[in-house]
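Below: a set of structures, written as structure tokens.
Both complexes shown next keep subunit A, but they swap its partner, so subunit B is in the first and subunit C is in the second.
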Partner chain A sequence: MTAALALPTRRVEEWKYSDLARALGDAGFGESSARVSVGKPPAGVEIFDLDEPNRPDWVKAHYGKLSNNAVSAVSLAKARGGIALRIPKGKVVEEVLSLDFSGEGHVRALLVLEEGAALTLSEAFDAGETRNAGLEIVLGPNARLDHVRLSPVSDMVQVEEISLTLARDAVYRGHFANFGAKLSRTELAIALNGEGAEAHLSGVSVLADHHADVTTQVSHAVGRTQSTQLFKKVVSGKAQAVYQGKVVVAHGANGSDSRQTAKALLLDGWAEADLKPELEIFADDVKCAHGAAVGDLDADSLFYLRARGIPEQEARHLLIHAFLEDALTDIANADLRETVRGAVSDALNRVSA
Partner chain B sequence: MLDIKNLHVAVGGKEILKGLNLRVEAGQVHAIMGPNGSGKSTLSYVLAGRAGYDITEGSISYNGEDLVPLPPEERAAKGVFLAMQYPVEIPGVTTMMFLKSALNAQRRSRGEAEMDAIGVLKTVRKKAAALNVSEEMLKRALNVGFSGGEKKRLEILQMALFEPKLAILDETDSGLDIDALRLVAEGVNGLRSPERAMLVITHYQRLLDYIVPDRIHVLAKGRIVAEGGKELALELEAKGYEQIVKDAA
Partner chain C sequence: MSSAALETKETVAGLGEKYKYGFVTDIEMERAPKGLSEDTVRYISAKKGEPDWMLEWRLGAFRRWLSMKEPTWARVHYPAIDYQDAYYYAAPKNTPKKQSLDEVDPKLLETYKKLGIPLHEQMALAGVAVDAVFDSVSVATTFKEKLNEAGVIFCPISEAIRDYPDLVKKYLGTVVPVTDNFFATLNSAVFSDGTFVYVPKGVRCPMELSTYFRINASETGQFERTLIVADEGSFVSYLEGCTAPKRDENQLHAAVVELVALDNAEIKYSTVQNWYPGDENGLGGIYNFVTKRGDCRGARSKISWTQVETGSAITWKYPSCILRGDESVGEFYSIAIANNYQQADTGTKMIHLGKNTRSRIISKGISAGKAQNTYRGLVSVYGKAENARNFTQCDSLLIGGECGAHTVPYIESRNPSARIEHEATTSKIAEDQLFYCLQRGIGQEEAVALIVNGFCKEVLQQLPMEFAVEAQKLVGISLEGSVG
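Moving on to the complex of A and B:
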């Protein structure tokens, strides 16, 4: 492995809370290629297998252009194959598109929504193997993407970098439901490159004994752009939840509006939550707010529910559901919202509330 | 129904109740009046079973049963209800869902069949109308954005719904204007019954114009220092707590 392709250590600031080298051991991510497939593509979705020769122009124009960190550089160098998807101009896809990552090793995917296209993407990350996935998403002017990513509990190392670029008036909504892995890292790099572009991120982590790291970087490159982030974590046992969110408002990006909130509930003494919102503002006329809080269940609320006859365990679960609720209501698609709710309920039954 | 003997309670190592005696029979409404810091809220929390209130001496008997070892949820299922001075706001739980969870938890605990959503809705609607609790309030998150009057009306609605045997009303009048107070008092009076005992805890005599008690106890420095009929409230209003406490000494 060349120096340029070395994996980051904890000495790298962005990886301080997630010890990738240690979790991977000597084997690293391995040399094999993981898989990505599309379940029953809806009409109007164009698919290209990256293993095939003669890449079309839209693939050539966008593939590998957005990767911006050490781990995605590795997946770009080592991944063979993968998939590229295009929603042509003006096409509004009504059905949900499923994107499933599986197998061991590195894998890449590219999703392009051309001007005015709209799609709901349901992403599943198989728990069985150690994997490093790279997903690039390009949203043209006025494109709309609703993205829900659900990763079940895994004893493996599971890393994904999602890089997005948004043109004028494009809107991205992403929800990330994480239930933990030996090491789980979901990294989002979002470039709001056109005026009126919006990115709304939300996520829940319910961790019984695992690790889950959501790291985001949102760049307001131009003015009149909007970003919101709402991440909620429930951490028990010896689990560790990490949220690092950096928002950069570029010089001249006036009228930008950014809000980020991260909250964690620690259910017992060994659990850990590292919440680090960060703001870098180079413009004058902007609205930015951020906040982070770590706490236990509210004693007054717990007493109130119990005094009304609700047993302690049930009262605790009710309050945990209530804590997560606003992050879940951000999922626009009702079916996907119920799927995530179900996964959250299952996970809550495993945590020692 | 309720028999408290020589009750001593400490909070964080500090003794708040210092030998309180109180007996309330079924069908009666008793008022506990007292100045700030006399131990009124401590008494209500101890009866509801809140953690952190250590009973160092004495006993609480409820229908012949020792109440002390029971967790709050079991007391509720057995018919103890505390209308709180500051009902908590819980975002993310709708009022209706909370009422259903609480009602069914109590029924389960008593070995009764749970009610389905429609059954709960019908029961709640019937009782809500009388207290001017709107459908819209029931859909909102529990107590979130409710006015002081709305919160207290919801407390009384719960009392009507759970049909407790012993209802403790902790400063139910605080934060209410006269119209809201009247509405809440009407709700409470409608729930007076030969099987039910009520303990109305208040700082001011005003509430007792609307909820007329059978007996009044004056609590000061952790003890009952004076007792009497409903006229005692007027005497308190005229003389003030300080004089009454002095007279009693």
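Moving on to the complex of A and C:
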């Protein structure tokens, strides 16, 4: 069992910039199970505790079906308990549903939105423990999910694999705010399986001396699907920011449209940014583009502000905020957007302190 | 499917490209015994009359190679290569050296004529010195005197090993170490010949240097070794062009090219590669596993790679620059065209080590038929590379819905003052562009050729004039039928 579930080292290409085996040491993730709970469940959300016997059909139909990487295999094998949520057909949930992860070890969650259902999901984490979370999301036809994930600064290893499948005309918006951990890896595997499906991903990482890796794979399995990605990173101290994004357009998936942007600001010292925007295209009638850039603040912009009497420190702050802002405006829910903005401001204060 | 898409499909079906250079010259060959062993290595070394140190170097590489594994990370698929089922050395029997072209076997000259490379005319018209490698041994070396006057050494590497052992010892294997990778190590053990260029301090090489590589003998892999050293303040432009005759067995080619640029020196290396790509069913074709690397060892040095890759069944090639010297510059301009069942996995590495180093990558990939075309690149800025600058543009063009275009760029920065920019796009030929041309009475084929040429223009412009013409023709030939 241990051989089959060996943790990836940096010699595994997808983990080149995040040496999980080394960060965890001999102890690995351990055998314990972490917890996940729903704070104040909104009306209309069906909840099932995965620890209970007699799983309903909708759990049986979807649980463990999407996850496909080495780390989620471990959480599937070892996690006890966890949570499954269902939003029934046509149900539009207005309140934010919040998933709170705590404790040490492996944990699983499943979220199913049936046809025409809509939900705003927020994920929160306690920073004190090493954790390996696996989240599966199934979006039925016309379903809509707004998702905001905010992971706080942590000195532990925090890994989450999020796997999604989208049916016809389903729309997913995800925002990933990351403030770094000893090793932080957020991996998204998104399958656009129905025509008209859309996935829009955005994220900010503000790092002071920590590591944050956002790895995405978006598969355009059928045509007339759309995906956009916008990731911004501010890196200082000895921090390392990683973005690996792969867009796959399957044979015959004509009319696929994909855009991918990753930008990093290196502020000082020994900061490192590693970007790998990847395209894998097997159809010809597509529009795919990606861009990536790494650098310092633009000297001209800085000069412009200084010329108007704005002190350097303040000018830098303004420019950094502006750099991150267009990734933040993608958060649809105003309350969550403000929460993330607040967290970003706090992190920026730490960065420049 | 729209009518235009259907049309594209039909035209791709018409891609059954006739490889114009598919013919075999019938010259008696001298071969090493089949297979690869220490004896093969000794045989090659003895044939070349090499000194002991060179034999030891080769044997060291061979022993190392035995413990290495063939890399599998590239996006290319091919049946396992049986390294014991090939000949590692073949030379035309008609050696030793000819004093003039008149003495060269007329059949050889005929071959070049068919390729459209009339040696005489080209030398006269273009002022190009051609060190023509026919399979493994140089048979015609020209313009020697003029280069001698300038002090430029331009000779087969086997000759350099005999005549300039100190220079060869000093630089061989310093850019691509013997242990570098599976194919480079194999090359180090069995390389048969290649080119050595040394440009002394302050000399601007008076002409473009050029070598035409040909693979001729059936079942003979060709293992070229090229070493170019530009001493302080010198300049050299080197042209490499290839065609190979048609046949069905796959042929292995594993070349190594090393470039060294010292302070203020500049090397411009251009390649046009149109080896036999296999037929329209993916049968045959050359396997091309090449390690090319330039070392900008001195301050303000510059290395520029330009490549037009249209041939080979499999291309595995990443011409790279190590920007070690402060203010050194690396450039990579590439056109890769893959048609039918061709697989190309090519790109570059720019390693920024020195301060104020700059690099520029322009890559144009074109896929048609059932071909797979991958750009794979790395831009890495190390902690001490203050103010390093990189710009990368990778564009892919897809012709027909059965092919693939892939982009795998790695970007690593460890210096806050560095600026790296990367852009990539993938698309097919825009219908409105086509429509615009057709509307003005330009035929379909001509229109697509026009658009594709425009797509490649930035790279074609980088080629020396003599080559640009050939390259433009090649772009047309490679896509012939697919476009009209």
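Methods note: the second predicted complex is superposed on the first by the 351 of 353 C-alpha atoms of A that agree within 3 Å, B and C clash if a C-alpha of one lies under 4 Å from a C-alpha of the other, contacts with A are read in each partner's own complex, and residues count from 1 in each chain.
Criterion: a contact is a pair of C-beta atoms (placed from the backbone, for glycine too) under 8 Å apart; a residue touches a chain by one contact, two chains touch by 3 or more.
Computed from a predicted structure; not experimentally measured.
Once the two complexes are overlaid on the shared chain, A:319 sits against subunit B while remaining clear of subunit C.
By the document's definition of touching, of the two partners only subunit B reaches A:311; subunit C does not. In the overlay built on the shared chain, the residue A:278 is in contact with subunit C alone; subunit B does not reach it. In the superposition on chain A, the chain among subunit B and subunit C reaching more residues of subunit A is C. Within the superposed three-chain model, A:21 lies out of touch with both subunit B and subunit C [touch as defined at top]. Here subunit A touches subunit C in the complex through residues 13, 251-252, 254, 264, 266-296, going by the rule given at the top.
On subunit B, the positions that touch subunit A within their shared complex are 48-51, 71-73, 75-77, 82, 84, 86-88, 90-93, 98, 101-103, 105-106, 109, 158, 162.
Across the interface of their complex, subunit B is touched by residues 298-301, 303-312, 314-315, 318-319, 321-326 of subunit A.
Every residue of subunit C that touches subunit A in the complex is listed here, in rising order: 5, 8, 73, 381, 383, 396, 398-428.
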